[in-house]
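The two complexes that follow have subunit A in common; it is paired with subunit B in the first and with subunit C in the second.
Let's turn to the complex of A and B:
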């Protein structure tokens, strides 16, 4: 389908792409610009695409009404732990399923894959009861342990397995002949080669943890334990209606750092996700 | 040299005849998968058994009673007057989401696969909502979709009075679908783009020499060759659509009426707002059954629709 285009066709394609882009880009723009408008202007007609007046006090209210710094920290450290933990668990399991011959490997792999079929929503009731019995409700443990070891990490294991299967085994076999143990081969030879797969596992695991919503609202009940997604919706007035400007300011603070990292490293993000075992 | 020189290894275990290569491999394999296997047992298999066990019980949290009632919860499920609406909303939401998501993803991937300068900038921008925090994205769309919000403001500039999007049945459903599609379509777009780039160029050249029009090339060459990716993305997207919760909770709280109360949201309400843990578990079992059936059905369809397996 690749061909050089006539100028008219090129203009048409660029025009089409720009129109299609609106719903992808405008909401982020509208979030950032509305968050710095005074409250009287955020519903102004005609809509102000660029703020006419600025009001920065909204941002200080974000921090006054809730322990927002603490909540930011909660989300960040949980996502970091989950990401590192998942990388370790899934690369080890993925490597074993791809390379090591052990009894019942296929049967065990099937059982593990079952995790892909079970949305965490199915098991949320018993998980809540289990963590309640363990005294871990209103702590961050459920949000850390379940993603690292439970169903969400299965997808990562699958991706790692596919990657290791596609990786030529000659290097590792040579190392085995030299008498290196399995763990050393994994750590010194296989893992460094798996960097692209690990990067994409890291990216989607981080995003998954960062976006988690059902689990926090089920497991957490005090404001200083909340994670960001949960905290954003708590900026409400006396009638339970959202305080839009404050919600938008908090949403901007939540979204922008990740967005900036993405734009800097977009090549790794996009290609990492595209080229890891998902091709078929 | 296939034999490991035993004398070169000082540890006693390698010189013992018990630790053959196969045995050592088995041990290593089990140790490598142990964290995942224990985790799956603890956080997936046991909860799955428990949720079935709970579904056979009447569970009163306030009175702290937990009594076996057999299939009563399932009887209740069949007689639940809300169930038809909930299943209807779930079906409409999932079907709408999958169709809109996959067709938009394919369209964007085809456009991004053209030889145009600056195409990676477009790719980055189309993908960007994927990395925007889900609830932040939902909040700003909720803000845009208010009666006096940005979308109606723009419509009014053109003299059109827009509806109260999130408070009317049809527009509320369309809204939650659209918000979710624009958030995540970038993922499928990237998978399609990778698949399109894997189609050998010679096939198109041959078709062009034969005088096949572009549309025919797309239908006869592109679609069959990327069908494994279409199958994979449709499975991921359907299972994902059944898990959508945050968008509903933030945008519509299942309303107006029950029009956007999808199964996961209903399950959450029954279990964690009304504390019907037994009935909530029954709904969980139904959700599980739906996911299994849909995945299995699509896997079977593989033989019919997938022309080419890589």
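Let's turn to the complex of A and C:
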């Protein structure tokens, strides 16, 4: 049954929601509007919520000062590979932990979960040394391999395992009677049914990779290999001071695909969040 | 179609024995129902035949082959599960043709077999629907369709009607029975509902605590139960039991002496259980007195809960009778249908 509110109560409720909206909307609004302001207007007092003067050249400078298209591509393809890789690894690992009986399965799963408790700052130095020995520093491999086999994948494995545990055992048994082996049961029955869980894994993995900051600044040193979060820090003047308006223009362009995808797939995002039992 | 033979089949989980060495022969085309209370091992036994549970000891044969170590897919069986286990992401047609697809059937052959099964089960208009778009009865039919489409040697049903409402259960019971009469495929059917067992089976296997209590035709079990457990389990309302002693005057139960068949005199002096089904009481002026506790008119019959001496018993009378609680009536047990069981162990005495 839909709750009915009196008009007065409704006005109050909408008012409250509008106030609560401010901390969420204001940073994005400030980023977008400041990206077209001359730098002096960004710091003007009183603050200009709507720009009084527009400077659209900031956007062209984003591309002039750095190989921004290349960096955009770097972020996109790394995030795509990480997402696909994590979906494959986590779905298979999650299925194995949930459905295959093997010795010490729960103990091994606990050990895997412990990976979530170790901050990336702790492992970054040994990882750097490892990739240095493998000749992979200043390549994209660490940014692809670390998330696929690291903490993000552990979290994704946990999500997938929880889903597969809830899958009725009779479906697998029916598939066994129908003539399917273990891998086909996984591919033809379990995986298609796991689409909601896979969608949440995809959303979170993509966002994690897209926003990754620490690993790129440790592993990458050439501008043409940079990813977007790292590239944003490079818009500085001759004295190392940030060129705020250009940086915010680049930040707007960086946030754009995520915003568009969010607006289009709002429902899936929210369901994905609900599915993982986590807050955004 | 094939015979199924279980020889000394055992199942243990660690030190706990679940199935204690069961021997059972099922003829080609026979409809056998495994029945028993919850936890008696009937589903485990069925799953062992299916290959979904390992066998701790003994031998399972389907046709001439020992199938102990074969995968379910290699046993040539089809199974209908309690919750139907339809693949939610596939249409009815895909669900039904799925096993054929994975056994290398051609598209034309699969379509033909699916159509054949759909026609038999009245599923033709539903072939493009998904399981979530079907009612409980329709899902049940699809599960059956998935089983018959492959023409297996044995059908296995694991409590397939327990998720349906009472009315639909009766309808589906008839459909499964007529399907069996049409296809004549060897069928093993598990249920805890003795009415289902009685109405559907060629042969009933009553299980209790992982052991077979009795194997026989439905009426054989009803008329001559081998022990008190079977007597109490088969039949609804269930058989009345009175504890007492066999004497020269009759069966001496607390507060009452009941008449006994002449053959029972060989057990004179023995402590026993007197069993009589509710419909085997007749109203008779010369009968034993019974105080009426509860009267339940059912239309076609009247169920009466009454006190025979100090023991509560149920009587079912076909005739329209005017009875009221608190009154005393006189009832006569039908001596041809009196069952006597040993007080220790419950084995049949007469």
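FYI, the second predicted complex is superposed on the first by the 265 of 280 C-alpha atoms of A that agree within 3 Å, B and C clash if a C-alpha of one lies under 4 Å from a C-alpha of the other, contacts with A are read in each partner's own complex, and residues count from 1 in each chain.
Here is the rule we use: a contact is a pair of C-beta atoms (placed from the backbone, for glycine too) under 8 Å apart; a residue touches a chain by one contact, two chains touch by 3 or more.
All values reported here derive from a predicted model rather than from experimental measurement.
Looking at subunit A, does subunit B or subunit C touch a larger number of its residues?
For subunit A, the partner with the higher number of touched residues is B.
Of the partners subunit B and subunit C, which touch A:11 in the superposed model: first, second, both, neither?
Touch partners of A:11: none, neither subunit B nor subunit C.
Have a look at where A:247 lands relative to subunit B and subunit C in the superposition and call it first, second, both or neither.
The answer is first: A:247 touches subunit B but not subunit C.
For A:25, is the partner it touches subunit B (first), subunit C (second), both, or none of the two (neither)?
So A:25 only meets subunit B here.
Answer with first, second, both or neither: which of subunit B and subunit C does A:179 touch in the superposed model?
both
Would you check which partner chain A:39 touches, where first means subunit B only, second means subunit C only, and both and neither mean what they say?
A:39: touches no partner chain.
Going by the contact rule set out at the top, does A:265 touch subunit B (first), subunit C (second), both, or neither?
After superposition on chain A, A:265 lies in contact with neither partner.
List the residues of subunit A that touch subunit B in one complex and subunit C in the other.
Overlap of subunit B and subunit C footprints on subunit A: residues 176-177, 179.
For subunit C, which residues are in contact with subunit A within the complex?
Within the complex, subunit C touches subunit A at residues 50-52, 71-73, 77-79, 81-83, 85-89, 98-99, 102-103, 146.
Please give the residue numbers of subunit A that touch subunit C in the complex, ascending.
That would be residues 168, 170-171, 173-180, 184, 189, 192-193 of subunit A.
Please name which positions on subunit A make contact with subunit B in the complex.
1-5, 10, 13-14, 16-17, 20-21, 23-25, 27-28, 30-31, 34, 43, 45-47, 88-90, 92-93, 95-97, 100-103, 105, 108, 111-112, 114-115, 117-130, 145-146, 148-151, 153-154, 157, 176-177, 179, 181-183, 186, 207, 210-211, 213-214, 217-218, 228-230, 232-233, 242, 244, 247-248, 251-252, 254-255, 258-259, 262-263, 266-267, 269-270, 273-275, 278-280
Please output the residues of subunit B touching subunit A within their complex, sorted ascending.
1-2, 4-5, 8-9, 22, 24-30, 32-33, 35-40, 42-48, 50-51, 54, 107-108, 110-111, 113-116, 120, 122-137, 139-144, 146, 148-150, 153-154, 156-157, 178, 182, 186-187, 190-191, 193-196, 198, 201, 204, 214, 217-218, 222, 228-229, 232, 239, 242-243, 245-246, 249-250, 264, 267-268, 271-272, 277, 280-281, 284-285, 287-288, 291-292, 295, 309-310
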